[in-house]
Each structure stands twice: as C-alpha cells, then as structure tokens.
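Structures for review follow.
After this come two complexes, each holding subunit A, first together with subunit B and then together with subunit C.
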Partner chain A sequence: MGARDPNQSRRDFLKSSALAGGGLIVSFALPGTTRLAQAAGNDVKMSAYLRIAPNNDITVVCGLSEMGQGVHTAIPMLVAEELDADWMRVRVEQAGVDKAFANPIFGMQATGGSTSVRGHWEPMRKAGAQARAMLIAAAAEIWKVDPSECSTEKGMVLHKSGKKASYGQLAAKAAKQVPPKDVKLKDPSQFTLLGKSGTKRLDTAAKSTGKAKYGLDIYLPGMLTAVIAHAPVLGGKAVSVDDSKAKAVPGVRQVVTIPAGVAVLADGYWAAKMGRDALEIKWDDGPNAALSSEGISKMLSDGAKAGGAVGRNEGDAKAAAPAKTLEAEYEAPFLSHSCMEPLNCTAWVRNGEVEIWAGTQSQGPAQGILAQVGGVAPGKVKVNTMYLGGGFGRRFAPDPVIGATILSKMTGKPVKLVYSREDDTRGYFYRPASVTRMKGGLDAGGKAVLFTANVASPSIMEGSHFMKLPPDGVDEFGVEGIRDCPYDIPNLRIEYSRQEPGGVQVWFWRSVGHSQNSFFLESFIDEMAHEAGKDPFEFRRALLSKQPRYKGALELAAEKAEWGKPLPAGVHRGIAVVFSFGSWCAEVAEVSVAADGTPTVHRVVAAVDCGMTVNPDIVKRQIESAIVYGLTAALYGKITFKDGQVQQSNFHDYRMLRMNQMPKVEVHIVPSKEAPGGIGEPGTPPIAPAVANAIFAATGKRIRKLPILA
Partner chain B sequence: MVSLSINGKKRELDVAPDTPILWVLRDSLHLTGTKFGCGIAQCGACTVHLDGQPVRSCATPVSEAVGKKITTIEGVAATAAGKAIQAAWIKNDVPQCGYCQSGQIMSATALLAKNRKPSDADIDEAMSGNVCRCGTYNQIRAAIKDASATVKGA
Partner chain C sequence: MNPPPGVDARIINTPEGALQSILNGAPMRKGRVHLELPAIAENGHSVGMTVKVDSPMSEADHVRRIELIADKNPVPRVATFVLGPLNGRAEVESRLRLNGTQRVTAIAQLSDGSFWFDAVDVTVNELACLDGG
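Right after this comes the complex of A and B.
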C-alpha cells in the first residue's frame, strides 16, 4: 500500500493554518427539544464533557457538529456506556469552542473526514469511566466502605450490602473527587449500549416537530438579512453599482460592497432578495471570462495523457509486456454539495466581540479566522454551532461566516447572511473534476499483471489555501482511492498531474478523492475482468487474497446479494469495493436499463467493515445515506461552465434523486472486534462504479464519463 | 394589512401581498419549522397546508392564503393524520440532518388525510416533490405505512 494516513493532510492543514482559538468555554443549549439539554441550572459539572443534575439527568456536552450523521447520539452513547448511565436520562448539548473539544485526529475543533467516532472512541469512554470512578469514590466515602465493594448500574452506585445512591444524589460530592488519571475501560464483551441495535437518536423528536434550530432559524433583535449579488464569473469585480431601485424596495436598509460582491441588507429575506434583483451592476469579468467545460475537459485530458508526479511505483510498469493490454480514459465532473439548508450565517460584532450562529463543520478554525476579520482576540469570538441542514464538507468552508461577520462589522447590526439556492449552487467549493487515463495488462492466463493510472485534476491541497502540495507533487486528495489500489498486481504506477482551470475553487465533498477515483479504479478493474473473461466478483476476490478486510466486505456483499443467482429478466448486477476513512465497503447494485438508455437502480446490497460500531442502526442509515448521495451524483451531478459562468442554478438543473427513484437498500455489517472506522463517507465511493458496472452487464456499454445521464 | 389564519390563530400582518407565505411565517412570525430550500417549489422543504392541501410556501404569495387556513409543522399534530405521521417519524427514527423533514411530514400528512391506505405508487406520487439530501426515503416510506396502520378515523 502506497497510501499514507488519509487524515494526516487534513491534520496538517488545520495545524498549519495557525488559526487556533483559545480559552473561551461556552455552551449553547439547542432549545425546544425533548432529549436535548435544558439550561444548566444546578447541574454538577463532572468534566468539560459531562454534567449530572440532582434529578439524575445526565448532560453530555458534544463539541462535534450534528449534520445528520448521528454524532449527537454516538458521543453520548460512548460516555453513557462507561458511565453506566440510565440512557433514558441522557441528554446532549452542543459545546462552544474550547480546546477540550479539539478533534483528536485534526488537532482542532472540527467535524469531517468521518473522524468523530474514530477520534473520540477512547476519549469519550474515558470521560464516562472517569466520572463513574468519581461517583463510586463519593459513595464509598459516604458509606465508609472500600470503593472496590461498589458497582454501578443504570445511573446508580450499589454497595454489596444493598446500599444504593443515584448519580444525581452523589454528583456534588463526586465532582470534588480528584479525577483518576488511569481508568479501566470495559472489555467490548461487557458493552450494553455500544454495538447494540435499538438505541434511538437523541435528536429525532426535535427534528420531527419543527423545533430543531438550524442556522437559518436564528432571529436577533434589530437583525438585518443580507443577500449578496456575486460576480457571475469567479474573480469578477463590480465596476459600477446603481442601487437606487434596490433601495426603493420596501424593507431594504442598506447596500454595501464587500469582497464577496454587492450585499443588500433588509428587514427580511424577501426584501433583501427583491432588492438584489433590482440592483444594476456592471461587472468586469476578469481573467476567467473564457472558462468553459470543453476547455477544462481538454486541459485535464491532456494532463492525463502527459502524466506527472509519481505517487506510487511498484515493479516495472514501463517494461512490463503483458499478453493483453487495455487502456481507457475516464472523466468525472465538478460537483456541488447542495446541502438542503442553503448556506448561511448570522453574525453580531459588538463591544469588541464577535458572535456567530452557524451550522459549521469547522468552529475551531472559524474562531481564528473571525478573530482576524473582526479585529479581536480569538477568545473574543463566540461560535454558536446550530444544527447543520447537511454538511458533506461544504460547511467546512468559511465563506458564509466571513461574509456575515464583515457585514455585521460594517453595519454595526446583527446580520444574517443567506445564500439563495442559486448562490449555493453557484458558490464554488466544488468537488474537483478529474480525468484519469488507465492502462491494464493481463497475462496469457488472464491474471492482472499491470495497472497504471495518470490522474489529472485541480489540487484541493493548494486550493484550500491552508495546505501545500507535498514535495513529491502529488495531491493526497487527488489520488486517494486509486493510489491505494489494493489489488495484487506486480507492476503498478500512479501519476498525478495538477491542472488548474482558472478560478475554480475546489473543496472536500463527501468521500473527497474517493468519490471520483474509486469510480475510475473499480470501473476499470471491471473492464480488466471482462477482458480476462472472468466474473467481476471472482476476479477481484482473487486479487485481494492478501487483503482480508477488503475480501471480507466483498464476499459478504456478494453473498447477501446472491451474486451469481439469476435475477428477473432485464435486471443485472454490478459490484465494487472501496476502503476509505478507515472502513471497507462493498456494494452490489441491481440495475435495469430502459430502451432509451435510462437506468433504474432497483436494489443495492452493501456490506461494511467499520470495525466495532457505536450504534449499528445509525451505521446502516449512514451507508444508505451515502449511497443516495453518491447515486444522485452518479446519475445527475455535474457543474459545468460556459463563458466563465456556472450553468446550473437550482434543483431543476442540478437534479436530486427523489422518492420515486429510490432503490431498496440493504446494509450488512461485518462483525468485528477491530477499532472503529469512519462511517459518514465510506458508503459513497462504491455506488457509482457498482451501478456503472451493472449498466455494462445490462448493455455492454461502458460508462466512462459521469454523470450517467449526461 | 393581511389577515391570516395560522394553526387556528388569527393574525393581522403588515406585509406586501406578494410576499411568499414562507417568509411571512419565518421572518414575520418566527415560525421556523417551515424551511427554505430552493425558493422555486422544487424541493418541498417549505411545504405547508392551505385548507388541508399541501402547497410550496416559498412560491405561493400570502395573498392566496387569505380566507384559508394555513397549517404548518408547528400545528400539524392537531389533526389525526398529522399526529400519526409525527409519531411514526419518531418511532422509525426517520430524520438525519432533519432539515427537509418538516416538509416531508406536511406532504405525508396531506397524503394520509385523504388516503388512509396509500400504496407505494401513491407514496411515490405524493412524496416525490420533497427532496431529502440525506436519503431517508426508505425510512419515510416505512413511516407512512406505519402511520397508515395506526391512524385513527379510517
């Protein structure tokens, strides 16, 4: 395996950004919900992560952002398991920014990269175990017994004599105990919550009654709502602005020009939008006015033909002389994240402090960035993390929080900056487009002996403005999912050619580089299997004999999908297996293709090896969610450019998968005692190749360019 | 002034009659359960009921609601169908990010109110205007079927 730790780059990115904020401990209770924490009241603080109320309510304070992935349930479960809490009394509260909540994998407070459970599996269990030890110590002191004679169960400390006391009764005394440095964690065989099915999410009631509060749901006294007219071409500038008609719209209060564009501030969204529509702006399009998707495709294709920096080199790919060779060029487009909740942020700059309310994946970095924007110390930046109406990587980017803070600073008022759906779709931070040229070789017996891939794409590392390409010139995110090709092929070479079409801001998109590279690799391996005259499952399996966890996931998916058994007439299978974010995921798609070429995906069977699980129900839902996200992109997703402008704008031309196209999905979890892997992303990469391979099985036509319904 | 009936309450509001219902609910009344998703009736996140019929409030001017009853997610539990749908949503742990779910629940409630035993095809027809980016469609379908089995007043 030539790949390095997939999180190293993002960790470096966050460290090197030097945007660490300090100090400020703030908590923000998400209001109006049943199992979410109420105001602290006379709760006893056991640690930064945990409070216990006299009435036995347990509040777990979570520094990670809830964007649907279930982290506001998983983190409390980790604490509750080792605490032996009564789960029915456990609540969750969103933390502010504090170093206690730094993501151990990033070294910063941020949510992404499917790191939450991986990074917090031990620390949060320790937080629970530590509090449990303190509760036992307090009880032992009161009862004048040895702590070793005490046990815990469902929120109670029990003594062998029959004495018992609830955590609520003991908390005040327990909090005065010295927290033990070393606590023994449970053996997984002792788990009562972790890995067991049936634990419901803590946020369901709030999200089923309209009470859950997202960034857009904040209303402050005297607040203005801002909508920005962005330059239609990235890098363009307003030459002249006639705002007289905009200012005549009832409710419009101010029109100001900021680096992001021309902002209309009004009493509410509708007035702001009407005001923006009434602006008359002359734009200078700048250097990117000729950008076109045709030009970008050619640039990437030329790059892939030429090759570039060597990311992995085994055997001698150049000298290898296989009996049979095949070669193909694949292409994946730019993609928008299109979170259901359009991007937004509310900021209030006042009295030397910056306060924001935002659904953000990166509150730690945001604190540092906004300190610079607001001209205050990082400790004077308060971040209220709201529920995220989807994240997918997009809410890692700071553009809305910067824009809102600038506007509040300029106007002296609380400002809610709202992206319209069109702004959101055209707002850049796209999954990079990529063209990859691959070559495969087979020996006379049909065994794979050669694989090369030349990847050409823009660099996320450089585009992030926080990272640099490493000395070898290979963008980690540009090649992940193909450089780590797991197949046992003796001659193997991966090259990366950085190509930058002018002005396009690229970014992390659910599963990042795997989202396109796994499509390339897993489709091309299928081509090799076909060329070898072998079954695509068996061909992969034979090449994975040294990769037990790849093989395990692949075999479980094939078994559950009844690979090889006949399907109804016209329905065909495709398969793919991918390792990403610490987990192995294989998917089998069952697809039929109509006479006009339109595919229907009937069923997807997935198998995931993500090590030990916290909440297997949420694991299954995350894989299903990731499949829908990837399938939507595979079928419809493309951001294209003409004359420097993004051609898509809203859901009518940037299409979403809907209820009537939803396949049945079955998810199977490989039983495991290994450390947990990530789960938010690993379901996305296999679906595009699984579907494309099924389409080939149905039609004999290879899908080498996404989206499928171009 | 516009006179409205929202979740059974009369409201007098000083808003332009062409303002979409969505922004009256959200910006004037801070009834934030109804969500903004697309602004052009393409995603269903803003779905409310006008006299029991589902409408996309982002693209329906408030003038069209005059003389009719507006029901939002905050008031939908007052109906037998709404109550059953919300209970089924909770039982099935449907939401992930949750942002689209108010609209999903409003569309599902309108379906169940007029069709106590919706088929898969009925569900497809009633629900395909509501986008869920987290992909909870199978859970939504299961919850509607659950609610169909439990709803009172069949």
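Right after this comes the complex of A and C.
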C-alpha cells in the first residue's frame, strides 16, 4: 500500500481506484461495533464515499458529524437506495477532512444549518447509482452479456438468464470500470428505503452499549488533561498568577497562561480541576466589567425604538392609515447551548503534524485554523471527528480545538482539554438577545393591512469572524424569521438595528435567528388576530392564501390537533407556523396554567413539510427533540450578566426540561414529492410562540418576554 | 466545590485534607445518612454504592450535597453530588473504584448548613483487583 497523492483531486464524484492493500483509509474507523466500519481490510474502494468488501459488507464513508441527528444513517441510506444494497450489510465510517466531503451548501466540510440531507440528497444517491452501474458493467463483462439485460437487487447483480453475482464478488472488477458520467437516478416511486418507515439507525447499538466513542472518551498514552481558568469577564486578562498551591496538588504537572486563560495540566481531570481551584489569579476585567443585563436590555430597547437599516419594505408602511393599530415590544434573552457532553478536544502536536480528536461540527475550517495555530501546512492537520454529545451550533465554534492544540504544542504532549459544565455555561458563545418592536394595523373589517418590525440585536455575522454584514447593514441571522414574514399584508417594513453591548460572543444556536424572531412574529400575529376578533388559526390561514406550503403545514397541525374542538376544562390551545431551513413546521400546544402562573404543556401536535424524507422515523425524533430544546429555552433559558460576569453556571440555575414536564408530542409529516428540506432545526422555532399563545388563551396575559418563567 | 480558604492544597489528598475541605471546621454528626456498600467487594474496580438521606427534600428542608471520602484512594474526596428540592428524594447510586480495604464515609450537607455522616468499612479483595489487567 502507498500513501495517497495529496495533490490528487478528489472533487470528481467517482474516481475509481481499487486498493492494493488494506488500511489506507482506516484511520477514522470507529472501533468495536457491528454496524460501524471496522477496517478497510481487503475492501475495494469504489469512490471516496463507498467501499465494498469481498464478504459483501458495504462501507459508506460519511464526512458529516453525527450529533444525534441521524446523519450517519441518512447518508448511508441515500447511497444504499441507489446502489440497491442489502441494508443489513451497510456500515458507516467517519471520514477525515477531505475536499470530497465539503458540504455542497457551505462549500466547506461542516455540519450545521440543517443542510446535510438537503446538500447530499443528489450527490450521495449519484455515488450509489454510479457504483451500481460499475458493478453491472463488471458482471456484464464477465458474463459477456449486454448490461441492459442485468438488474440489481439486495446486493446482487442478476442477469435475465438466471446468472447472479454478489457485489462483493464483483467489486474488484467493478472498481476498474470507467465511472459513467451520467447515471439515471430512481424515480421516488421506486424507492424501497427512502421515505419508508422502519429503517433502524446504524449507531444505536454502539451508543446503547457504550462502545461508541465521543470526544470525551479519548485516552492517549502520556496524555495530560487540561482545564482552563477563563477570565470571569470576557476580554479580561490575568495580571498575576500564583500557581504554587496548584502545583502542589498531586498529579498537577504544569500551569501555563494562554490567550484563553490560565491552564492547569494534570494526570487526570480531577487533579487538573483541584489544581485550578487552588490557583490564585488577579484578573484585570478589562473594558467589559460594567456589562449588565439591565444595560443590555435598555440598549436593545433604545435600538428597537430608533430603528435602523431597512431589510424589507413593501407598500407604504408610513402612509398606511389603518382603522386600528397595535404596538408592542418583545424581548428574548441570551441562551447557552448546553450540550450534554461538555466541550472537549484532545490534541497532539508532534513531528510537524497536528492531530486532534474532537466532536466538532466544523472539521474543515478547523483544519485551516489549526494549521495556523500549529504552524504547519493544512495537509499536516488530521482531524478525527468523534461522536458529538450534542452540537446545536456550539460545536461549530473552534475554541476547544484551538485551546487543546496550543496546550499540546506548548507541552509537547497529547492534551485533552475539558470544559466543566460551569466552563461551558459561562463560556460565552450565546444565542444573541434581541428586542423587537412591532406595529400592526387592521382595516375596518379586521383584515391585516400593516406590519412593521424593528429588530435590535448584536450581529452574529460580524461576531462569527468569518462573515461580514452585507452592504445593506442587515444581519441575515438578526432578521431571519421576521423579514420573511409570509403573511399577505400590503404594507410591510422590517428594520434592523445592530447593537453591540461588548463582552458577549454571540453565536449560532439551533435555528439561529428564527429562535427569537418566530416567537416575536408568531406571538404578534396572535395579538393582531385577537385585536381583529378572529380565531388565530383562521386569521393566519386567510393571510396565507398565496403560501400553499405554509398553509398546508398549518392546516395539518390544526386538523390533527382538532383545532376548535373543546378541550378539558382549563386546557387551552396556541398555534404557530414557521418556515426555516427549507421546511415548514406548524405546532399546536395544549397548555393549562396553575393559579401561581406556572404553565403545564400537556400535548404538542406538530406538522412538518420537509419535502421528501430519507428516514421518516428520524424526522419525527428530530421534531420531538427540537420541541424539548425549544420548550426548555422558552420556559427557563436565560443567560444574564452582572458586573460583566455570567450569572448562571450549571443545571441548577440554567434549567433543562425534566422528564415529568415532557408533553406528549405527535408529529405528522406532510406527504410530498418536493426536494428535501432541513429537519434538525425547523421544529424549534414554533414551540415558544405556540405555548405563549396558549398561555394567552388560558389567562389573557400576553407573554412578550422570554423565558416564560423568568 | 472549591476548597474553602485556608485549606492547604498539599494535604487535599489525605483523608484529613478531604474532610477539612468539605467541613471547613464545621462539626458533623452521625445519623440521617445511610451509606450502603458491600462488606466484602470482590473487585475494587466497580463497587456498587447507594447513599440515602432522611430528608423531605422540600424548598425549606433538603439535602444540598452529598460528599464521599474513600480513605485509601489516591484522591480520597471521590465524589460530590449536588442536590436540590427538584430531585424529589435524597438518594444517589453509583459505582466506586476502591484502592483496597478501607473506610468510606458519606457526608450530607443539609439546606440549614448542618453536616451528617455515615461510614462503612469495606474489605476489598485486592487480588481480584490486580487480576483485572
């Protein structure tokens, strides 16, 4: 076996090359389970995405990160469908960083934005179809028959004469075939796997038995475990460090100051943590020491009052003279992602190479960043993507991989950097807070004729350090979910006012701008319906006559929730519908409110139009998960600041929804022949407004500020 | 979980240091805490352990935290469980690694700040432990 030519372009979809020996691309194989790939062995490489073993095992190589969303099942299903593979023989392997695995929507190898199925729907099916054509061509050559007389079924090529051969038998010969340029993909009516219920996830067994490896599971010989004492105020610096007591803690090996803070490196986590607790550090809090939530709220509120860059302008909002107007200011707080697996990364800088093991959503960009950090060429950075114990956008950020790489470079040893739960909660990278002022107008008949919204929030685009505000000055994440207001209202104006309180790193949080803007819009539309004296479902429906897919999702949710049919005494409904990430999702929440104001969400009925589905069971789980995540934030989520410091630290003061609070969730999928939409995020935005609207129905009290249980 | 001021990091990994880091000079009383451990553990790598504390776990009266000290472990302060009224009951279960025959102490701090404890002597079959590799 030989090394791969690094200059060889692997952009071409199929560049067939049979492996001379084993082990060429085994380095990312995840150990020890039946459905996860073991080793390349004598596998024949059909393309960057697919290997076939002589024993008929099919290995699909997946460049996307598995964070529970099911991509390690969805991508193999796309390949297997067009390959006519025997699903029981299909395994999955995590890819390293390679151009072949660039996300077609991002143009870089990364997982996020609910793009995985949308971006790979065609390319991965094509990979399967091309391999299938090559297998058929090989069989036809052996049998000396015309390929058109051959068919495929469950991992076998069949000839009309009754001859048959398995993919494993044919693979070596097939890999030598010229990959066909154009392959015909199946018509959706021919699908046997895609869109059908019942295909089990490939990672369930490994995750159930503890064999699946997450970033935190990495242990290397001679490895040090590091924790960092971060500045309590973002932008603060350590002016003096007394580490004598820390170094006296048995197991502590080194204490070093790096840009992120003061790091304690030890034989294990506990020693590192005890060492950090024993550090005596004087901090200079820097320019953000006065940051407070009250100050931030006021700044955002003033921004919303003043208005800003115009993001959308239809009709004449200023000249419109509605019979009735209403106006309200809404607010959403900063939120933490709170992944269940604390952030971590293991790095080893040695011999001019950087190698990391991390549950990351952004291995492509990480390669470039770590090349700079490590002072090596990007090709010398190897990223081992581990399973992610939750991502939600937080694992798109490079802070743990940078920290671990710096520490390994400084110490010359493998270093596992671990964030404690407190480090994670206080680690900045928050969903931005936002204040939005809205104005609605109704004509004499109660029809909506005016809607304006002034959004004020920090800019994620600028904060990300890899994007810039567009020339119009409107942050697309700041206004998504409200600028795209779908309701048929003749006079409509959306403005964005960028407000930067400083001292906060804003970041992408599951569903990004929709997470707050859909709450604003869908709550305010409810206010307009109430003002018009109309049913909130019918009011929306009438304004969506030109939006069939919005209307379809809304109507399906209402129908399945039996909208309008009386509920038990004290239980009330709220509804919301949101388009995000290529999919339409409507949710109806059934809520009762106790005398002390505490809401109980009994049931949520969701309807989602995400086009064609790959695995409808996983689609349903994703919507359920989005509802837990969104409901947690709606009820409790709040990061606040005092004297520049984050006031929350762990799950006792940054609460999660508990098992006994989980509503019954029903998910209905709109049957569709349209191209797939995203599914990781679209279930999150509608839940906050659906619950808030139900609370209004129950109490007459409008929730204009999140969280509900402030 | 930070060691209170005055605790010397150099003795943190002794049973006395561990105790000091938890109590910071406060007294503790026997009772209310029930530590369940086997009298003889065949394998020190994984010893089943349950701590229960008599407490209504209400807002006004609950267990704030449960600490475990294993005298002969390299790091004697082996675990801290943080609890609150939302737990509903004051009971934690886990598995301990025990470095030989020793005394294990469970200390509960209640919401009024008082400390209560229970202690159990465990005989660990070290041969079984060494045989693990």
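Methods note: the second predicted complex is superposed on the first by the 683 of 710 C-alpha atoms of A that agree within 3 Å, B and C clash if a C-alpha of one lies under 4 Å from a C-alpha of the other, contacts with A are read in each partner's own complex, and residues count from 1 in each chain.
The criterion applied here is as follows: a contact is a pair of C-beta atoms (placed from the backbone, for glycine too) under 8 Å apart; a residue touches a chain by one contact, two chains touch by 3 or more.
Just so it is clear, the model here is predicted, and its values are computed rather than measured.
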Room on subunit A for both subunit B and subunit C (clash or fit): clash
Partner chain in contact with A:D57 - subunit B first, subunit C second, else both or neither: neither
Partner chain(s) touched by A:T225 [first = subunit B, second = subunit C, both, neither]: first
Which of subunit B and subunit C A:W270 touches, first, second, both or neither: both
Subunit B versus subunit C as contact partner of A:H652, first or second or both or neither: both
More subunit A residues in contact [subunit B versus subunit C]: B
Partner chain(s) touched by A:A248 [first = subunit B, second = subunit C, both, neither]: second
First, second, both or neither for A:A278, with subunit B first and subunit C second: second
Partner chain in contact with A:E341 - subunit B first, subunit C second, else both or neither: first
Part of subunit B, among the options 26-34, 62-70 or 80-88, whose backbone runs into subunit C after overlay: 62-70
Common interface positions of subunit A, toward subunit B and toward subunit C: 250, 270, 650, 652, 658
Residues on subunit C engaged by subunit A in the complex (per definition of touch): 1-3, 8-10, 12-13, 74-75, 82, 84, 86
Complex contact set, residues of subunit B against subunit A: 16, 19-20, 23, 26-28, 30, 32-40, 42-43, 45, 72-74, 77, 86, 89-90, 93-102, 105, 123-125, 127-141
Touching residues (chain side subunit A, partner subunit B) in the complex: 66-70, 200-201, 203-214, 216-217, 219, 225, 250, 267-270, 273, 338-342, 387-392, 418, 420-422, 617, 621, 624-629, 650-652, 656-660, 662, 664-665
Sites on subunit A touched by subunit C in the complex: 245-246, 248-251, 270-271, 274-275, 277-278, 650, 652, 658
